[in-house]
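I am attaching a structure below and will ask some questions about it afterwards.
Should a chain be cited, it is by its letter among A, B and C, assigned in written order, with residues numbered from 1 in that chain.
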């Protein structure tokens, strides 16, 4: 694979408009002469967000009471939506093998427990994950577990485009099914939305495999650094226009990570994109979701905002590590009728 | 475990009623005791099931006499002689007891009124506690209430409250009245007496001196006997404009101080630069909160014409996620209409809306067989002359009108004899403030709607009534200034020329 | 040398103009000793109606004026009234049968009332309004606003000038407009005051003065759907309870009768205001 189809980074001159990479969605939505200016006008034309109202709505959704059969279904669905994650400097092949084992058999005491959607690791750990998964590696099939790799100089994104693209290509080549890239928040905050856009387009292209298929691209906005909800809406929209398959809240390395209001807002964006184009984009809150109770609030928010159709791993994921064990405890409680304890789920 | 057909069909999550210990029958609460009434008792039912809840005593004129006499005695012998600090302590006690018994009160309220438990639990009852807590602190600080030093209590307050927020309206009435040093006879609405009677038990637990609060249940006759009683000094009423008008007539010339919180037909104005998702929520909250049984409901949606279709589409999609049904289910968004009578009125006015040419859309939701229900409904193509744009429906029915300019929005918003509340949705601060200045309404919500707080005065302009409830202003309804100082500008005996 | 005087025709003051009564009626105004003073216009219900129309039309501009501006306009009345003191003293002493000293005292007091209320125009909002500390992320403020059109029955048993000023001035402070029925027996100074108003900076229609019978006019004002408030200050000897009952039809704000002349008070300003509470969300994000 070559970089011939990938656009070069934008060059700004005083008089010529910055022409952006001709991403299909953006051209269809904004129009033919895709420039930084036209993109910017488009993003600034999005309706504003009133933070208090948004947070009140999220809090309201959080009061839904999910019981009995709905709760049982929700717990299994949460497990199937988890990107089981380890993103530590101290990650080792052993740690990744342990993670994969947990992903495949979350609860050895109950074989009906579903598998998680994916394991999420740093790019250099992809070979270890692929090896550990073996035949269970879905590699595009529905019945297995995917390998997701964070890329593009995760978590800060502070590296040259060339490094980011190399990072991405290497992970895809090693067998990553999904790439979780970070946007350049500095560029976004300084108004260089064209740069952010072009980089996403380029990374998307770097996700292309030799056979012409693409690894799924999740675009991490790092909402904690974008700070305002207006920025989150614009960045979400930008990421979709540039070709992202998923928009993801956070790296997990910045506080606040995923919050219910910010996830609600991103779900509103994908709902609006669907209303506009008929195309469904995924959403992934990541970081900070540790309890079943919280995760169920997210499911409620998905169902009541984007719609029931989004309640599938191909359109909604949780980036989490400790969440899984809490879901398993709750699941055991539902199955046995008794409260379980941390000694009855595995430490991985 | 079988997956539900739709996750959104959340499995039932009923609030337990085991917390309620209802009696078969309730008496009147007079002079600190429950007593039999002299009228024919009536039944209170659950509007969601039409099932009997309890028998309730009916106060006739004689009972009202007894209640007013008890209030008068309590005023003269204990309450008016007590220090403000001690009055405050009783109110603090009541606030705490309400918090302690919050869930029980919420369940009773939803059972008797039909409102969703999530509202009675998260809105009504917490505000009840907040109201008592807020006014408790005023009781020994009345010199700072804005009426000058040593303001006086009025005496015995006659209070008549509606069925839409039974316990909250009771708190709005009783808390400031007691803080200011008045004693009270209050009549809850005929269809929703239950929470007030549980509240009477709280007053007993608080050891509030007998007669300071008396609760007389009954219908319109009881209310009329109360407000027209010659020994009451103050009348406070929340309810329909028609009854408010009648009370204003009957108290004319009596010297009774009168405050009225009446009907409304609020405009909720959505500009094209509004934060759209929040505006949709605000519209929904504005008219479908409490089944639209809200005097300040945003029943007229005034939407800028260039975003009309977009707003209506989004609104319909949003309304399709509302869950109508068992008020005691924690996931219910839309509960029961409070009474058959009210349901008939909503149906009749909706039919008129349709007959007058407005386009009717009803949210798709299954209606239970028993009980009183009305699915969330939107009328588009409504004009300012439409009946449903002028009359208060007091139900989950939204009339959608359009405007082109801010000036037109203001003109249409003000084009009503009512003036209780209004909403403004825009991202432009200067426009919000200018529109807020121009709206003739007592409460303006900008980029929010239906927010209530004990510190925030509430009440209307024009035919929505007079006087304010809540805040420092709410105290003034229950106080009189100390006799005025001698005129500060007396006719001077000798004219003094200013030396140039 | 005696010179034949040129007596003034006393007319109504409506919408900044001085019309005769549309009814063509007038009534004889006499001094306490019975001397003929003038034929004052005997206003009709239609004059009252026209006055309400004029008052309503003036609400927008007057209520939208800044408090500072309204204060200056009211203070300007005091200046002009003071400047025409001699004329008022002469008129009051002749028409009310009082000494020039008493007449002078009445004019001075009226001037001082204007000055006192003028000072309130940019302050009453601060005193009667406040920020509300609600428990939530909301900016919340309560401010008083004018009620709208105020119909007033001026005191009937007191000095025609001071009585009128004492009820009209407080209603104007917040930005209301006024239709006032003057002292029936002593109406002349009211119309002369109207001449002051007409030559001051008070916009036409802000104050409308009717002379004639309060008993005849008040019921029409009390039942007028476009009147927002009713001050029955001088209605003590009328069937004022009936007036209050009529006013209930549109939930008009009503101030009951007073004996004598009401002293200056903030309460009188606030009686013709409505408290508006505005909420707005607050957030950094």
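A few comments on the model shown:
By definition in this document, a residue touches a chain if its C-beta (ideal position, glycine included) is under 8 Å from a C-beta of that chain, and two chains touch if they have at least 3 such contacts.
The structure presented is a predicted model; accordingly, all values stated were derived computationally and were not measured.
With centres computed from CA atoms alone, B is the chain lying nearest the middle of all the protein shown. Two chain pairs, A-B and A-C, are weighed by contacting C-beta pairs, with A-B ahead.
Chain C has its Cα centroid 36 Å from the Cα centroid of chain B.
Centre-to-centre separation of chain A and chain B, using mean CA positions: 45 Å.
The distance from the centre of chain A to the centre of chain C, each centre being the mean of the chain's C-alpha atoms, comes to 70 Å. Among the residues of chain A, those in touch with two or more other chains are 50, 52-53.
Residue positions of chain C touching 2 or more other chains, listed in rising order: 136, 138, 281. For chain B, the set of residues that touch two or more other chains comprises 447-448.
On chain C, the positions that touch chain B within their shared complex are 104-106, 108-109, 112-113, 116, 127-128, 130, 132-136, 138, 140, 142, 147, 162, 228, 240-241, 244-245, 247-251, 253-254, 256, 263-265, 267, 274-281. The residues of chain B lying in touch with chain A in their complex are 1-4, 6-13, 118, 122, 273-278, 281-282, 321, 330-331, 427, 447-448.
Note for the complex: chain A touches chain C at residues 50-53, 55, 227-229.
Within the complex formed with chain A, the residues of chain C that make contact are 136-138, 281-285. Across the complex, chain B is touched by residues 47-50, 52-54, 56-57, 63-74, 76-77, 265, 268, 299, 303-304, 308, 311, 334 of chain A.
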